[in-house]
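As structure tokens, here come the structures.
In the two complexes below, chain A is the common chain; its partner is chain B in one and chain C in the other.
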Partner chain A sequence: METVARRRRGLRLDGMRVAPYLFIAPAMVYLAVVTVTPVLLAFPISLSDWTALTPRKRFVGAENYLRLLTDREFLHSLLVTAQFLLGVPIVMAAGLVVALLLNHKMRGMTAFRVVYYSPVITSTIAAAVLFDWFFQPSFGLFNGILEAVGLPGIGWVSDARTAAMSVILFRVWKGTGGTMLIYLAGLQDVPAQLIEAAQIDGAGAWKRFRHVTLPLLKPATAYLLVTGIIGTFMIFQETYMLKGPLKSTDTVVNYIYQTGFLGSEMGYASAMSFALFAVIFLITLAQYRFLKVDVR
Partner chain B sequence: MVQEKKIGRTAVFLVLCLGVVPVVTPFVWMILSSFKEVAEFYVFPPKVLPRKPSLDNFRELFSRGDFGRYYANSLLVTAVQVLFDVVIVTMAGYGFAKYRFRGREFFFTVVLSTSMVPWIATIIPLFLMATSVRANDTWFGLIFPGLADVFSIFLARNFLTSIPTELIESGRMDGAGEFEMFVKLALPLAKPLIAVITIGKFIGSWNAFQWPLLIVGRDELRTLPLAVAKFSSQYNDAYNLKMAAAALASVPVLVVYVAFQKYFVAGISLSGIKG
Partner chain C sequence: MISRRTVCILACVLCAAGTLFAGGGAEADRKPAAAAPVTITYWQHSSAARDTMMKALAYEFMQANPGISVKMEFIPEADYSTKLVSSLATSTGPDVMQVESGMIKRLVNAGALQALDPAVLSADRISSEFTPATVDTLQVGGKYYGLPTDMQTIVLYWNKDLVAAEGLDAEKGPQSWDEFLDWAKKLTKRDGDKMVQSGWGENGYHPEVQAFVVQNGGKMVDKDGRYCFADDPKSAEAIQWVVDAYRKHKVFETKFVSRWAGFRQGKVALMLGHPAMLGNLKQTAPNVKLGIGLIPARAGRHTTIVTSWAYVMAKKAPSSAATKWVEYLTSADVEKRWTLSTGELPARKALLTDESLVKDPQLKILLSSLSDSSGGYLQMGILNSIWATGFEKLILSDEPFSAVLKDMQDNLNKEVAKDSAK
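Coming up: the complex of A and B.
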């Protein structure tokens, strides 16, 4: 009797000891294969002249990175990507405005929130097909609108001068709901008493916003700024679908795709993506510094 | 004062209504246009309503374009990934939430840091790994890399921490096995969590594009976003078919989203990114 009980307890103890590892094992195996191993391989691959077609690879040292520095097309794609950074404050400001409006206790707010967020969950590819048509100069919707208000139509994506701006417009449509939701969550943490106190002190709506609400939204702003910048560095689908002439919308990731997957220069593409990763990593680190300072 | 407040509210309501127009117009336009004939797309200025609404575009997509197959493919990939995601994520979340064990901090740090690795850093090595095991153009290669959303593990851990430990202790007293307790005690209480994970993953999988674009070459494995992109470049002028294809790809997600919208907000607050 006693031994059976002890054995059972022993087994159970063992069960408790082993169980947590079994629970996290699938996730850990998955992460090891899909993220950890690739991250560790990324740098060595970038030092090789690996091509997708031939399994042979040769160690070439820093050659890919040196080539990067003199590759005009790469530098051009960096500039193109940098242009899209303009969209980040626009999406944030638009999201903030919508969030401020939605933060009233009124009926129907849920419905508005659902509608404003809907572009975020829509397939970028499907939405881009739609906007591609809107952007058509001779029969698209946007020039139809411009014409209706008496303005001359423009070339949108088909004109190298306006192509990047058009893609930004698309991203604002697609992304505002996302920044709205984060700001809305942030606004719901702003204590009502604080706003009321400011009101009693005679602060007008703008002053209340400027000196009470906005400082309290700083963590949300910092988060959105950093994720917005990182997201911009990885723009791909939008510009894969809405492609301006003369490489006017070819981002770094588009270029990586072209060299690595269409041109099969995996080593070189890997160096580019590793460089991009380094930049993103630095931005993430900066975010942590920024947020920590903010907490104090 | 009350009067003023009322005016303010009406103003807010009106501005919100105004803002809805640019958000919704593209969707309405897409759906209405998918019933148009191709000639109607070249009318300038564009007309809102189809002249003679017909299902011809959809019929053509399914008969000539093989969209039935792409639909089935997207459904299959999404279903498998959602299923695995729910299992992997809730298990890991439960392990981190309800046990103290050696290496817990370490493993959680692994989860934490991998969730911050951008896809661009891993995609080339992952592709070469897939190539080396000949997973290109296979279901396995298409599905496996998207099996789980690491970020949801935080969500799961936060949610499952709130399940009372006494409940699990009492299960232990009754001699239930560890896995049995997870399935019979914890999971029934975690329905909102499962809903959040399911819907988030459904949308992510259904819309996935980058990885499928790299790994799929055969038409038989093509998912909807791939098909829409391919179609769009192939039939450059067939705007009627393009609109119908875009509608096919986006309407299911919109329906699921509207039906389960409350879980989105729940997801945001659960994950604790309030900034």
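Coming up: the complex of A and C.
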């Protein structure tokens, strides 16, 4: 009897040990197949001269990586990509403001949340086509608004000086809903007692936000900052569709795509992808070190 | 703790960056040949009109060739090149496919294509039955590796209302370079410094500029196939003429409006463009009264540039059956149906004077553009991209004309050198 009971206990124990792994198994399998495996396969490709037009590959060692060091186009694309980092705090600030406005228990608030979140689930390509029309200098919506308030129209995407700003504007529209959702979740975790205590101590709305709410949102802020910067280095669809003149919106990923799929240099494109990975990794590591945050 | 965190970050970044490679895993569905004696798999980029027509053609072909079965796959145009490259890379591509004609040499050098079967269709027949400009670029080493589809030339479109309002001949259109530039200047309107109407929506689209180069007696490439336009005075002169229209005569501003969007909106008076735009404009700009003519001439030459895609056969394709399918797709009967239903130009010489086609006056003009035509030299995505980027510098930056032109030439030569290096 004791043996049977122990066996049952063991099974239950095993079940408890196994269950979490079963729950995460689908996601892990998915990641292993569509993310980790291609990454692992891409590394040997980065050491080859593969054209992608045939299965034939020739090992070239570190040649592709050394070429990167003198490739001005790659450096230019990194600098162009870095411009878009400006959009990260703007998206975060916009998301925070919207989350603060929507963090009230009022009738119809869910509808507003859906409205603000809807750009996130809208196809980037479809939305970019629409924005391309909005950005049209002579009959677009945005210049129409500027002119209606007495300001001169600008070139938006068609002008190298304003093209990156236009893409940032698009990304703010597209990304605000996502940051809003994270901040909204963070705001709902802020203990009401702390807010009430601050209120009793005489703190005004700004002081309560500045000294109570904002510090408690630090994990959400850190998460959004880290993922926002990673996402910025991976911009592709927006700049593929909203292409500015004189390479003003040609990001690293655009350059990787062009080199690999148009220029038939998949080996070199893979090397660039690993270089980009190294840049993102170092920046992310630095953020963790300097921000000294724990997002768990 | 630090190492755990580092591993955590590494995993996080790896997952995010990994999406870069996610596309690499795409593979075409390819099943073993069916019971039919020979099965050909065929890919083309998709559009509703093309897909319907192609299905009908495949059915008719299989009826006429009972031993051959055609299995078709239609791929959205935006994904087509990426999917094709992925499939070639893994030897899972189709037997017959459409590619940009400029890709043929690269694919042949990579060992991905086979020549058309001369027992089915000889080189002599191809050169005698097709317009030279449509097939010259499909040869490598004296063998034809494909036959043309989606032929386009460059013709002139104008907005009759805008032209007539300026007191110009809205029925005839400008005939020479000088007349064309004169019209473009007259039709450009400004309110103070602000452009309110463009005379000619031009930004250096490569076949337009190449046409002017050829008309001017210039050469885009030398006898070895290397780009030489920057070193050729006649070519440089023609390119300078186009650049001057933008910079000196200010007939267009990229900041004013997108070219075709502006034409549809009645804000651009003259446009050079492909014949396929005729059908498009009839649908998207029904209110624009459209004039159509040949590209303006220098010294009486209206020479235009042909750009095209091509039907090609993979190395592994069943040679005879695949060549028969390609020949059928470019037969006179099929080309005529394509022209009537989609507005695409035919490549066969016999159709240029076909009565059922030339009875439409607009189609007659489009067909006549093929009579004096030359093959394009930038018919590959990466070459287009290099040209477009360089031309933007010519019209939008203050870098010296000759230096930019030389840079464009060098970059194009570096790209084509990849083909000969393999």
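FYI, the second predicted complex is superposed on the first by the 245 of 296 C-alpha atoms of A that agree within 3 Å, B and C clash if a C-alpha of one lies under 4 Å from a C-alpha of the other, contacts with A are read in each partner's own complex, and residues count from 1 in each chain.
Note that contacts are C-beta pairs under 8 Å (C-beta built on N, C-alpha and C of every residue); 3 or more make two chains touch, one makes a residue touch a chain.
Source: prediction; values computed, not measured.
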| item | value |
| --- | --- |
| Chain A as common anchor, with chain B and chain C clashing or fitting | clash |
| Chain B versus chain C as contact partner of A:L101, first or second or both or neither | first |
| First, second, both or neither for A:F59, with chain B first and chain C second | neither |
| Residue contacts on chain A - larger count, chain B or chain C | B |
| Which of chain B and chain C A:V115 touches, first, second, both or neither | first |
| Which of chain B and chain C A:Q237 touches, first, second, both or neither | first |
| Which of chain B and chain C A:S138 touches, first, second, both or neither | both |
| Which of chain B and chain C A:L285 touches, first, second, both or neither | second |
| Partner chain in contact with A:M266 - chain B first, chain C second, else both or neither | both |
| Touched partner set for A:P26, first chain B, second chain C, both or neither | first |
| Chain B collision site on chain C, chosen from 73-81, 127-135, 271-279 or 361-369, when both complexes are overlaid on chain A | 73-81 |
| Chain C-contacting residues of chain A that also contact chain B | 31, 33-39, 41-42, 50, 52, 55, 125, 138-139, 230, 234, 253, 256, 261, 266, 270, 273, 276-277, 280, 284 |
| Touch list for chain A against partner chain C, complex | 31, 33-39, 41-42, 50-56, 125, 136-139, 155, 158-160, 226-227, 230-231, 234, 245-247, 253, 256, 258, 261-266, 270, 273, 276-277, 280-281, 284-285, 288 |
| Chain A-facing residues of chain B, complex | 9, 12-13, 15-16, 19-20, 22-24, 26-27, 29-30, 33, 41-46, 87-89, 91-92, 94-96, 98-99, 101, 104, 107, 110-111, 114, 116-129, 131-132, 144-145, 147-148, 150, 153, 172, 175, 177-179, 182, 203, 206-207, 209-210, 214, 224-225, 228-229, 232, 239, 242-243, 245-247, 249-250, 253-254, 257-258, 261, 264-265, 268-269, 273-275 |
| Complex interface listing, chain C residues touching chain A | 5-6, 9-10, 12-22, 24-25, 78, 81-82, 85-86, 88-91, 106-107, 110-112, 195-196, 254-258, 261-262, 265, 267, 380-382, 385, 389, 392-393, 396-397, 415, 418, 422 |
| Chain B-facing residues of chain A, complex | 8, 12, 15-17, 19-24, 26-28, 30-31, 33-39, 41-42, 45, 50, 52, 55, 98, 101-102, 104, 106, 108, 110, 112-119, 121-127, 129-134, 138-141, 143-144, 147-148, 173, 176-177, 181-182, 185-186, 189, 217-224, 230, 233-234, 236-237, 240-241, 253, 256, 260-261, 266, 269-270, 273-274, 276-277, 280, 284 |
